[in-house]
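Here the structure is laid out as structure tokens; the discussion comes afterwards.
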Amino acid sequence: MLIFRYSARELLRHPARSLLAVLGVAVACAMLLDMLMLGGGLNASFRSLLTSAGYELRVSPAGTLPFDTGATISNAAEVRVSLEADPAIAGVAPVLGSNLLAEGLQTPGEESLEDGPQEARGVTRDVARLFVLGVDPEEQGLYRLTSGTGPAPGIGPAPGGVVIGQELAEAGVEIGDTLTLRAPGSFADAGRRSGRFAVVGIAEFLYSAAGERSAAISISSLAGLTDQPDLASLMMVRLVEGMDPDEVADRLRAEHPGLEIASIGQLVETAARRLSYFRQLAVILGTVSLIVTTLLIGTIMAISINDRYGTIAALRAIGISRRSIVWAFLVESLLLCVAASVIGLGLGLLVAGQLERILSDFPGLPSAIRFFVFEPGRLAWAAAGVLLAGVGAALVPAIRAMNAPIAATLHREEP
Amino acid sequence: MTARVVRDGLSRFRWLTAVTLVVCAPSNAPAQQIPAGGEADDPGTLARCPDRLELLVEKRLAEQQGIAPGSTVRVGAQPDAPGCAARVSGVFEPEADPSEIARDRRRVILHLPDLAVLAGREDEVDRFTVRLADPEDAEDLAVRFGAVMPGTRALRAGEVAARASTTFEVVRRFHRAIGLITITAGGVFLACIMTLKVQERRSQVAALRLVGISSRTLLSWLMLEAALVSALGGVLGIAIGRAASGVINAYYQRVYATTLEFSLVTGETIAIGLALAVVLGLVAGAVGSVRLLQVDALEEVGR
Amino acid sequence: MSAENGRALVEARDVRREYRLKGDLIEAVRGISLEVAPGDFLAIVGPSGSGKSTLLHLLGAVDSPTSGAVFLDGSDVTSMSDPERARFRLEHVGLVFQRFHLLPMLTALENVELPMAEAGLARRERLARAEALLARVGLADRMRHRPGEISGGPRQRVAVARALANSPALLLADEPTGELDRTTSAGMLELFQSLNEEGTAIVVATHDLQLAEGAGEQLTLVDGRIQA
């Protein structure tokens, strides 16, 4: 305890120095925590999002990832039946995605287009672009209803209602309103591929990007609007309980060579490869943080110990053991690092929030994705990293001081 | 400008639409007999194959699949369809596109009419790029195009570039935030080191003050030292940064098979880095020195 | 430590101490033999660079001789390992330095406690002993003060109290009055004499004539040799 008291007070003896050291290490600790959160955050967040709806596999056209390209699965009905016949599969949710134009919306900021094929005159209509998902309302994993109901399943191209996302709801669209949805195309056939859909529900669309206007209608309605019969952009597959997703995915891939079949784990890996830059950055900056901590603590302790060489020699002369002296310095550096960690971890969480706000503007990424995911384990690792780096850094000058010849040092220090 | 003129102008330009196609490498199995201009085997996916279908293949794809000019490949819009036979007329190296990094996509180039037939999108394009006789008209025309063609949007080239650069703008802001944190840490570190360095020499400084060297002279010496140390540190840091930049570029260029430069150390970067280092060093040195010069010299020497 | 049957408390046998300084060989102590008996008060005097401090360090097992041997209460400290020597010093030798070398952030009481804590004494016991020692050196009212809050003389007294923490039979002091004024030095001499009367053997290396004359015996060192 005496050693502890000595080490603590020694830090207070030079308040400016100690404060600057604590601040410097705190910033490094904050950076380390942020990088630890970034390193595993994206994967964890992505996995959490993919598993949230309960579909363990994703089926997309060969060589593509879901909605990565405009490619589609042909003979979708047949594919669905074939998959549903597999004993490992409990349900298959087909999805068709397309950009449509919605007329009748008063959405601020949207350009108003003048109607009329040839002349820049005529009636003004407000049109908004929506990303519309065609789903089987009885088997879907893309949205969670917050009010109202899903679209009617619908057979054929007859419209059966539309579920809108939060963006549209906030723009003033309500259940009971009617939207005219039209496939974008040449104005020559503007009247042809459109349909009037009653808004029957409002939902949280799980995979929508920030600001994206999403809606869902029955897949048959969308197929009719976009002239894409029997096609699907993606199929989400729900497995029978107890089935191993990776094993089932591997087996199905062999049975359906024209399809890309991936488990959530495999999708997360692919996404991780695409966004590997962030993990690599996290590793590099995390390492730099530890280096900064080591350098800062090492330098401070070296200079501080240098100042006390005479006293150290005298203490050794009177019989204080090397071990006690080294302990004193390690405790000193530990106290510095503990104080820095407390500040740094709080600062790290704050900074992570700011960095998250920047990265949330990434286009095309679902708004539910988080780059920085907090886990107590990461906090512990950050603190442990800083403490170890600090203590390790103090060891070198402490051992040097401990091994300095007593008599020679006393000679040098005495006038 | 009337729509007729616009249409005439548009018709002058050829458009290449990037569509994901399935390109099958030449295999040992005999090519399916799809007569040029005749019916495809699977009429459900394609009504007919274009006459004398030719395409250019991206260099990476050609190398991976062993394709060379003169090779015959099969192209189609669906992976499970037999597709159409096409002759590779050449291999091209696409311009390095940052948005394609980490995306495992390979490109081929076809004549627009052929692609439209293959993709089942005849008389359709994704977009037009318009070159104007007078670029000053761009803003006005962008508005009027949109009015003339409902369901479309006309954007100036700059706007398109801005929208396409969103990813990199986000990354740039992220890097700037990280840079700010790093500079803060570096600044605090520097302040700490300078304080220590200055304090280490407190008895020397006190003795010099007692023999008559003015505080101002001592301050200028200390500041000069701080500036030199931080300038040297800045130079060393830039050297390390350049070396690291080379390693980063070599690594990512290999990983993503691209000629893009991921890290650039420009003259501006060097100038800013050095300036920051010196300024931070001077501020840190000033903080430590001023405090030191306020200490009682006699008491310091007497200690 | 105590000597039995007249055995010397400290015995140096032909000790030499050489070291290199920037390539030059310095012979700080050249073949010195001496004995210090229990209860002796010996002053080692000599000009600067005569080897006084070096001899003191050799006698206290702070330094090892290049040749020769040093015995402390019959134990050959020369052949001990470094940790063994440290332990031996802790328990058997008290050291006082010219610059005091007190820990500035500990109080006088805590400074005196330090060697006892190292020796493993329980807290209550060492507190009581530290208080008694500080009272013994006349600093009962300064126990909670830090070295920076007291002047040179009292600081050196704290150092003496620290040196006596583990009840050594031998007290070695290297220029204990070097930083003190004359009056304070006189007070220090009185303290040493008082401790000596209680049975502590004291060896001081000093320039201070007043202190040297106050000691029981004097030894003059010139160029690392005892001057007859």
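Each chain gets a letter, A, B and C, in the order it is written, and its residues are counted from 1.
Quick note on the criterion: contacts are C-beta pairs under 8 Å (C-beta built on N, C-alpha and C of every residue); 3 or more make two chains touch, one makes a residue touch a chain.
These numbers were taken from a predicted model, which means no experiment stands behind them.
Chemist: Of the other chains, whose C-alpha centre is the longest way from the centre of chain C?
Modeler: Comparing chain centres, B lies farthest from chain C.
Chemist: My parser should flag the chain pair with the most contacts; which pair should that be?
Modeler: Looking at every pair of chains, the most contacts join A-B.
Chemist: Return the distance between the CA-based centres of chain A and chain B, expressed in whole Å.
Modeler: Once rounded, the distance between the two centres reads 21 Å.
Chemist: Hey, how far is the Cα centre of chain B from the one of chain C, in Å?
Modeler: The computed centroid separation for chain B versus chain C comes out at 72 Å.
Chemist: So what's the Cα centroid distance for chain A and chain C, whole Å?
Modeler: That gives a centre separation of 67 Å.
Chemist: If you look only at chain A, which of its residues touch chain C in the complex?
Modeler: Listed in rising order, the residues are 1-2, 5-6, 9-10, 12-13, 310-311, 313-322, 324, 405-408, 410-411, 413-415.
Chemist: What residues of chain B sit close enough to touch chain A in their complex?
Modeler: Per the touch definition, chain B meets chain A at residues 3, 19-20, 22, 44-45, 77-81, 102-103, 105, 123-124, 144, 146-153, 166-167, 169-170, 173-174, 177-178, 181-182, 184-185, 188-189, 191-193, 195-197, 199-200, 291.
Chemist: Using the touch definition up top, name the residues of chain A that touch chain B in the complex.
Modeler: 14, 16-17, 20-21, 23-24, 27-28, 30-31, 61-64, 68-72, 74-75, 101, 111, 113-115, 117-120, 125, 127, 182, 184-187, 190, 258-259, 273-277, 281, 285, 288, 292, 295-296, 299-300, 303-304, 306-307, 351, 354-355, 358-359, 361-363
Chemist: Of all residues in chain C, which touch chain A in the complex?
Modeler: Chain C residues touching chain A: 19, 53-54, 57, 60, 62-63, 82-83, 86-91, 93-95, 97-99, 101, 103-106, 110, 113-115, 117-119, 123, 162-163, 166, 174-175, 178.
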